[in-house]
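Each of the next two complexes has subunit A plus one more chain, namely subunit B in the first and subunit C in the second.
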Partner chain A sequence: MSSDERTGLYVESTIIMTTVRVVSPFVLTFALFVMFHGANSPGGGFQGGVIAGSVVMMLAFAYGIDAARDWLDVRVVAALASGGVLTFAAIGLGTMLLGGNFLEYHLYEQFISHVVAYAIELVELAIGGIVASVAIGLFFLLAAGFGHAVDSPEDES
Partner chain B sequence: MIEQLPVLLVVLPIVGGSIPLVASLVSDRAGWPVATLTLVGQAGLAGLLAWTVSASGTVSYAVGGFAAPYGIELVVDGLSGAVALLVAVVSLGVLAYARQAGPHSNAFYGLYLLLVAGLTGMTVTGDVFNLYVFLEITGLAAYGLVASGRDASAAVAALKYLIIGTVGASLYLLGVGYLLAATGTLNMADLASKLGEMAAYDSTLVLTAFGLMIGGLTVKVALFPLHTWQPDAYANAPDTVSAFISALVSTVSAYALARLLFSVFTVEFLAAVPVARWALVGLACVSIIAGSALAVSQDSVQRMLAYSSVSQFGLVIAGFAIATPLAVVGATVHLLGHAVMKGGLFAATGVIERKTGATTVNGYAGMGSRVPLSAFSFAVLSLAMVGVPPAVGFVGKWYIVLGAVNAENWPVVAVLLASTLLTLAYFARLVERLYFAEATIHSEETPAEAPVTDGSGQAVSFGMIAVVVVAAALAVALTAAVPAFEQVLRDTLLPILNQ
Partner chain C sequence: MTLSLIEGVLLVFVLCCAIGAAVLRDVLASLMAFAAYSLGISIIWVMLEAPDVGLTEAAVGAGIMTILFILALANTVRPQENGLFESISVPTVVLVGAFVVVMIATVPSLPAVGADGAANPVVSGEVTQYYIDNAYADTEVKNGVTAVLAAYRGFDTLGEAVVVFSAGVAALTVLRQEVFA
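What follows is the complex of A and B.
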């Protein structure tokens, strides 16, 4: 598929653009709400991350996939994915430095009170970041199509 | 530090696997050094852990400080310590091959380390649900690695692998659900004590759980009727990936199957429900015969090796299902030996293809003089796989046969002996081609015409040949390590097998 055909699929619509602009902040807030509720009620990083990722997909539908791709900084996506993993690992390994087992949250209690809840929230946020960035990455990869990969075989990764 | 080792073995490759992604903002070629550093550390930790286990017995670890059976427990005994060490060493060795053979992208090495994390996790876990999680991590990473080939056929093979592999993992998960319904626990040791007590061994619930869990894992091991994903995945993936997953993915799944058999369902279950044992032994025997027959009829060398795995894993599972200490030691030795031999064989096919363009049995004719070192290693590995002494393939098969004789399981003995002849049939044909046949591919017509399977160049580096030669040397040298290893295994297995 050439890039002409791809942009041909995009129809600029004031209604969609306005709606997305209004709805996006609420969707992102809802995503954070779901992530923060992961510790002790239904929800969590996986579901919240997908909702957060869907914000970028809505923007892509409203403003065009290529425009969204240009707007989005790939460094942010990579940092979210790797940073999420590293945050999770750091929280887990930190308790081992304090003499406990992996992810033994309550050892942080000596620094901050109620830290078990905060630590779990932080892990959920980290998972949310990973899931959101992977969802966004998959969306743009699928949108690029297989033709993109065949056209430029030298362009790895 | 020592008591933290089991969890560090899983966390280290996950952390390492997340770095190449960030590193790609700086450099396109950062993946390989990061993976090498991580796996050198991993091999060191796994070696330390295996040494600790062999010196002072089982190490268990409560993740998050939540005591078993409620928390997730990691347990490393002689068996899992050996498999964890194998995973670390083989994945480090394959990296030496990947340096030149590629793929070179950072994303590839991220997936590579993720697969190491999944395999290690499957090895060290002592919790059946946790095993499912790592089974899925292993599966997803393996699908991605198979798809990293340049050809469209790699994508098709990965899709097939994904669909069949997911069905297998789902069956396993369903079985875990039944076990949870029967006993209310997911911890392996706890399950072993509650099964038979809270739910009779021959109750429908436990039998269904056994069928689903073992059935799901046999898909991952690729026993005969459930092997259909495996030849395509091995033959169409880049050579690096073929060597890596043929050495480790099915191996660790077979380890998990043994772990379920002995540490969850236990030998009392096998004694109480003879039909379960006979079903497993029957499946293994069919796999041995059918895998060998299919291997003999293949034209492509890589597909032949893939079908050979179907047959060899039948042998391993038969050893586990007989469940006498001798047979289980034999199956474990053959499991670990097969990983080294099959990985080495796939690596050798990659080298021979790059140098001469030969991919088929007929194409291998006369290549013994064109690529002497690789062809010689290939021949050594082939004979080791057949079970010619003093190679490690002989020791494993010998113990399995002795175990079957001691158990007076004569049909299995017959199949095991026949399988050696069948293995000889397809490997001897190749070795004969390599050394005693007129070349069908001549040197002047090859390099430009050679098919590019993954677009990563045709050059063969010193590292690639070194991997093949080291694998061949190990296939023979490991025999010397068997007596010491047998002692460690017996210490681990005798309590498990109640002998």
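What follows is the complex of A and C.
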């Protein structure tokens, strides 16, 4: 689908492009800070994931949704979403394999010291991956709209 | 309970935005009022010393929700409206008013903001005290919210994460797409 079919949705603006180019690295850094530092300050996977997702949305607003869609690797988005759920579940179920309860982090202590903090960090990152990829996915899916799939099913397959 | 000036201004601002979101006729204007409402609420969360909730409200409520709503609007036909406000039907006002009265009736039974000890069952509760006393020793995490979220209530959080994941899958299914883009 070409971009001129969605007139009005994208306006090429030097101001917006320059601003996004300057701001987006900082926003992504802030997202990672919120995710990694969620253990010691406000924040965590949910909030950081949303902020990370908003970086892609900012890029899409500045450079056009179709350009952002071409630039984005859909495999990365899918891998973040499903990998996040699998990582979280694996950490939880791993303790059950070791004979404990679900998410009883202390049982990993025999392999790595201070593992509880690391495991919680990993869980936060997994949540962040899920939230970021689903936010990005919902954004592109909504932008494409329903007609996109129904009108041209052959193009998509 | 006394309000500081900034709290009072914020509450009035949030209330005006909420009413604006409900009664403005133009959908985009209503959406902007809703985003401003979310931003105001997020600042109120921070003032109530719930920065985690405030951060979520600002990122999700004011950020992502607004973007998704704007996209939905861009993909639909926006009818030419005449008149600034939606016509207000009396039964709706009565119904909403009754609901608001019921909600306000519960407010006096809440503990005062920042109250300590027995006056505040949230603070003096056994579960809260357990978290405050043991969270760092149990989880080596300084943010009590994260300790509860990722450790004590980890199973709930896994459920939440799966709900987010399912939302993405549901959107894919409804829009008959195979990839997230």
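Everything below uses one rule, namely that the second predicted complex is superposed on the first by the 141 of 157 C-alpha atoms of A that agree within 3 Å, B and C clash if a C-alpha of one lies under 4 Å from a C-alpha of the other, contacts with A are read in each partner's own complex, and residues count from 1 in each chain.
What we mean here is this: contacts are C-beta pairs under 8 Å (C-beta built on N, C-alpha and C of every residue); 3 or more make two chains touch, one makes a residue touch a chain.
Since the model is a prediction, treat every value here as computed from it, not as a measurement.
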| item | value |
| --- | --- |
| Touched partner set for A:N40, first subunit B, second subunit C, both or neither | second |
| Which superposed partner A:Q110 touches (first subunit B, second subunit C, both, neither) | neither |
| Which of subunit B and subunit C A:I136 touches, first, second, both or neither | second |
| Partner with the higher number of touched subunit A residues, subunit C or subunit B | C |
| First (subunit B), second (subunit C), both or neither touched by A:T14 | neither |
| First, second, both or neither for A:L86, with subunit B first and subunit C second | first |
| First, second, both or neither for A:M96, with subunit B first and subunit C second | first |
| Shared subunit A surface residues [contacts with subunit B and with subunit C] | 74, 78, 81-82, 85, 89, 92, 102-103, 105, 153, 156-157 |
| Residue ranges of subunit A touching subunit C (in the complex, touch as defined) | 6, 8-9, 34, 38-44, 46-47, 50-51, 53-54, 57, 69, 72, 74, 77-78, 81-82, 84-85, 88-89, 92, 102-103, 105, 114, 116-117, 120, 123-124, 126-127, 130-131, 133-146, 148-150, 153, 156-157 |
| Subunit C to subunit A touching residues, read off their complex | 51-52, 54-56, 59-60, 63-64, 67-68, 71-72, 74-75, 138-143, 145-147, 149-151, 154-155, 157-158, 160-162, 164-165, 167-168, 171-172, 175-181 |
| Parts of subunit A lying in touch with subunit B, wherever the complex brings them together | 74-75, 78-79, 81-83, 85-86, 89, 92-93, 96, 100-106, 153, 156-157 |
| In the complex with subunit A, residue positions of subunit B that touch it | 4, 7, 11, 14-15, 17-19, 21-22, 24-25, 28, 61-65, 103-107, 150, 455 |
